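Each structure below is given as structure tokens.
One chain, chain A, links the two complexes that follow: it is found with chain B in the first and with chain C in the second.
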Partner chain A sequence: MTRSRVLPYLLIGPATVFLVLLFVVPLVQTIALAFTDNGEASLTNFRKMVGDLNFGLSISNTFLLVLAVIPLQLCLALTMAMMVQKLDKGRDLVLWIMIIPLGISDLAAGLVWLTILQDRGYFNTVLNMLGLIDGPVNWLSYESPVSLFVGVMLAEIWRATAIVVVILISGLQLIPKEYSEAAEVFGASSWTRFRKITLPLLKPSIQSALILRTVLAFEVFAVVYALSGRNFPVLVGEAYAWQHVNQNNGVAAAYAILVMVISLAATLVYIRTLRTPPEMQS
Partner chain B sequence: MAGITIDRIEKKFGAVTALQQLSLKVEDGEFIALLGPSGCGKTTLLRIIAGLESQTSGRVLIGERDVSALPPRQRGLAMVFQNYAVFPHMTVYENVAFGLRMKGASDAEVKKQVERAAGLLHIEPYLERYPAKLSGGQRQRVAVARALAVEPAVLLMDEPLSNLDALLRLEMRSELKAVLASSGTTTVYVTHDQTEAMGLADRIAVMHKGVIEQIDRPQALYERPATRFVGGFVGSPPMNFIDLPVADGTARLGGFSSPVPLRNGTVTAGIRAEDIDVAEDGGLPFDVGVCEPLGATLLLTGRIDGQLARVSVRPDSRVRPGDRLGLTPNAGRIVWIDPADGKAMGAAA
Partner chain C sequence: MTTIRTLLAITALSSLTLTGALAQETIFLSTQLRPVEEATKVRQIILRSAPNPVTFVVEEPSPFQTRMDAETQAGRRTISMVGALHGELSPLVGSKGLDPVDDLAAKARERGVPDAMMALGKLGTDKQMYIPWMQATYIMAARKEALQYLPAGADVNALTYAQLKDWAKNIQDRTGKRALGFPAGPKGLMARFFQGYLYPSYTGGVVATFKSADAEAMWTAFKDLWTHVNPNSASYDFMQEPLMAGEVMIAFDHVARLKDALVAAPNDYVTFPAPSAGKGRGFMPVVAGLGIAPGAPNRAGAAAAIDHLLKPETQVAMARELGFFPVVKADLPADLPGGIKLLVEGVAKTQGAKDALVSLLPVGLGAKGGEFSKVYMDTFQAIVLRGAPIRATLDAQAATLQTIMNETKAPCWAPDKASSGACQVN
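And then the complex of A and B:
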């Protein structure tokens, strides 16, 4: 009797201890770090953070990137997932190829795009061969913010769309094909079927994918760092800079808290707006 | 309203032939059941009529129109699926309205038709609910109402009652028959349940291994099966098949003899369990193995000359396992079957 009651706690114990040690403790420490100055409660770190030259820029850059990347990624992933679903043969192979970027670290992904986009990179070589440019063009310079932004966007989309595709495909596989067939028999065109049947039934998966992707997008760092250094400041990049360059872990902690609050807020928005009431679940 | 013509439809899945050059004509307003065991091709045929599956060769005509190459939505039909396929994210009202909305019907028209269909299937109280809140039987009604709301020329039903419990199935069966008879819709109904097919259909097409073995009215099918397979599949208990030796045009076993359409050899007698007179002796010798009181009848299972046989007798009969009885089949109702090809032979010479 007692043994069977204790056993579940014993089994979940190691994981809980692990999480408390490596997640809860650092979280509390970070909060403490952010809200104290020389051992006293204070908002100095936040004042320093907000007063910094790069703060406004890193906020607007991060949000711009999220707003540009996430919708594009969702549309792209939906299209890819629907196409993969339609394949009869070679489906697994196509899927394997599509998710290759998932196996690459984000820093490596950033370096891949750096070799493409840097002034003596593949992109310029091709443009040169086509006679479109005369000499090397620096796409990633702070003097050309638009091409720098597009470069970062491309790298992020290339790197992180696959996870959305995987989540959406697993969601699509949960939808019985009879729903779409029934709609087809009753006169719905393929676009109408997608809009009225597939999309609403896929909503829970879209929600998961968006939460995961948006939270990770607010934490974007390595790709940006590889492509632009600090020419394109983002929130986590600033946290890194304050920690390692300025050696001020108080302000770095303040940035970390800010990113967490933004991520939580975004998650809440998704949970609210993409809610599927229990009575509407299949 | 329209009839359906299936013209030499063939379907191959790779090397496997699911349907072999199959032809069938369904009259306008007729209720046809496609009956057969799983894997016989009945659902494939239905899905080809719907356009959800493409045929390897052959044509499908609805009315006078060749729909063979048209997508499902241009074929002007409605369908009820085995697992209902009622959309979980729409209310019952929107489910029933779906086909009408796709046709661009006005709100007033939609309302009128939804209310009519809901009335026929008695689902008015649930119109504002979501399907998750309904029982299996209620979802089934929604699926049928959705199909009838569009007033289709052709209604296709794929084992629509198989997910319901036995009592509900019986209730829905008679209700479905009444609703469909009054609407006069041409209906193709796929089922593996022979009582369902017998009870509902004007005609039954019995399918086996991708071909139609026989197509006829339920009673004719029951009484004069064209093949051994049909006799064994239609009716419960299945028809008895007793091999009898034939000499000089007469089959003989024990005290039983009958003229048969064959000079010499062996013939299979197809005999229904209820078409048999039972006596103490004489006729075919029957060793009773098991007695099953079924309420309306007493079902005896035993052996005639080592061959399995079932006999229905009056429920008050005093028969015990181990008894030997003499069976006299009703001569006019025996179906003589050629044991070589399993096909029924002509009437006795």
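And then the complex of A and C:
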């Protein structure tokens, strides 16, 4: 009798212990770090953070990147997922190739794009061979903020679209074929079927993909660091710099808290706006 | 059953002997000499002749701090001795990661470590916190083909900043390349250029003169010079790579970060001191020190290893193999390898310059060393890279600088005039 009541707790026990040890404890410590100065409660760290030269820039850069990357990624991933879904032959192979970037670490992905886009990189070599440029063009310097931004954007899209594709494909596979077939009988075009059947039924998957991607996009760091160094400050990059270069873990913790609050807010927005009523869930 | 018992006995025995061996060896954690070739030389040449077994382990500066703090907090030491730059050792005072080494100070003095350097090793306390280990500095290196563009009348060994600008401008005008490079990347040592070279040369100070009229003129001139600097400088960490790749022809950097280029092709380069301006030719000697962790598992071993590393012959070997210079009295042999010889020449010309103006490493900043350097890098980024107005930027950053000085109560250090209380930005 008791066994059946205790069992669920026993089963979630290990995960809870893990979460508490590796997430809750560090979280509490980080909050404590951020809100104290020399052992006393204080907002000094936040004041320092806000007063910092790169604060405004890192916020606007991070948001700009999220706003530019996420919608593009969603459209791209939807297209890719629909394409894979329609394939009869070689579906696994295509899927496998599509998700290769998923297996590459952020920093490695950044370095891959650095070898392409740097002065003596592949991109300049190709442009040079085509006779479009005379010498190396600097795409990633502080003097060329637009191409630097596009470079970072490309790398982020290349690196992180795969995870969205995977989530969307698993969602697509859950949609029963009958709806689509029925609509086809009534003469609905494939665009109408996509809009009226696939998209609404895919909403829960889109929601999880968006939450996951947006939270990760607010944490973007390694790719930016590899491609731009200090030229394109982002929030997590500033946290890193305060921790490791400026050696002030209080301000680093303040940045970490800020990133967490922004991520939580974004998640809330998604949960609100993309809510699927239970009766509509397949 | 007997087999199991035998096995257990063997395991117990071997673990016993293992602990015995561990007790004898000394673990030496260093932020210096990290590249594999250098670390190998330390293990196979420098430490091989040590009287006791020393295990040389390297770590980047930031994990180094973390590891030392973690061991302090855990109350369990694996590391007996540390070797790091002055600036990397100073935060350890606050976090109780260093045991005073006054017992080793007399021997070091006897061997000729200068008093000023020993004083640095006190890290603002009244005890000897580290023993100076080796020194280096920053120099300039240029590919020989750049020399043809030197402005008329300029002596490469006695350049002024104005001449450096003209030199870089000449190269840009004739070749279209911006061939002057600085290590202003995320891991570059550009902040030291401002603290030890540019500011002292133009203003005769570092902190007190931070927002002076001289400083304003300096930033105006430097911003002008920067138009001839390779824009990738904002990403360069070590200047040896862009020099070797031919991306830049003239570079300023720490000797250890130029070494690979000079060693690879000693005949292709010249080395010379950094330029001068109105107040002299600023230069900053860099000191790495050796310390012992409190509660070190093998303090005696660490003390013996420090003694070994400070022997004149070990110090000469360090210079020959690794390009770091002796802190004790020792004569460098004449037959140094080509690249190292270039480094030695560059350093000698810097130290021996008639207008040389020594700038000390920041003293007494403790854990605020990083934020101190940030002030200079932020000022540079704002004024030079982002085009912010000079006067307003200097005023704003001066306030941050003053806060750091007040918090740490650090008195002024050379070339600023000594102060009784916290150094004041005038």
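Please note the rule applied: the second predicted complex is superposed on the first by the 268 of 282 C-alpha atoms of A that agree within 3 Å, B and C clash if a C-alpha of one lies under 4 Å from a C-alpha of the other, contacts with A are read in each partner's own complex, and residues count from 1 in each chain.
The rule is simple: a residue touches a chain if its C-beta (ideal position, glycine included) is under 8 Å from a C-beta of that chain, and two chains touch if they have at least 3 such contacts.
In this text the structure is predicted, and so the values were computed from the model without any measurement.
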> Now for A:142: first (chain B), second (chain C), both, or neither, which partner does it touch?
Replying inline: second
>> With both complexes overlaid on chain A, does A:8 touch chain B (first), chain C (second), both or neither?
In response: neither
> If you stack the two complexes on chain A, which partner ends up touching A:103: first (chain B), second (chain C), both, or neither?
Replying inline: neither
> Touching A:244 in the superposition: chain B (first), chain C (second), both, neither?
Replying inline: second
>> Quick check for you: in the superposed arrangement, does A:188 touch first (chain B), second (chain C), both or neither?
In response: first
>> Let me test your reading of the model: by the given contact rule, A:39 touches which partner, first (chain B), second (chain C), both or neither?
In response: neither
>> Looking at A:131 after the superposition, I want to know if it touches chain B, chain C, both of them or none. Which is it: first, second, both, neither?
In response: neither
>> Considering only the defined contacts, which chain A positions touch chain B in the complex?
In response: 176, 178-179, 181-189, 192, 197, 200-201, 276, 278-282
>> Under the stated contact criterion, what part of chain A meets chain C in this complex?
In response: 51-54, 119-120, 135, 138, 140-143, 225, 228-231, 241, 243-248
> Which chain C residues qualify as touching chain A in the complex?
Replying inline: 62, 65, 91, 176, 185-186, 231-232, 234-235, 245, 247, 367, 369-371, 373-374, 378, 381-382, 385-386, 400
>> Going by the contact rule set out above, which residues of chain B touch chain A in the complex?
In response: 50-52, 71-73, 77-79, 81, 83, 85, 87-89, 98-99, 102-103, 129-130, 132-133, 146, 150, 156
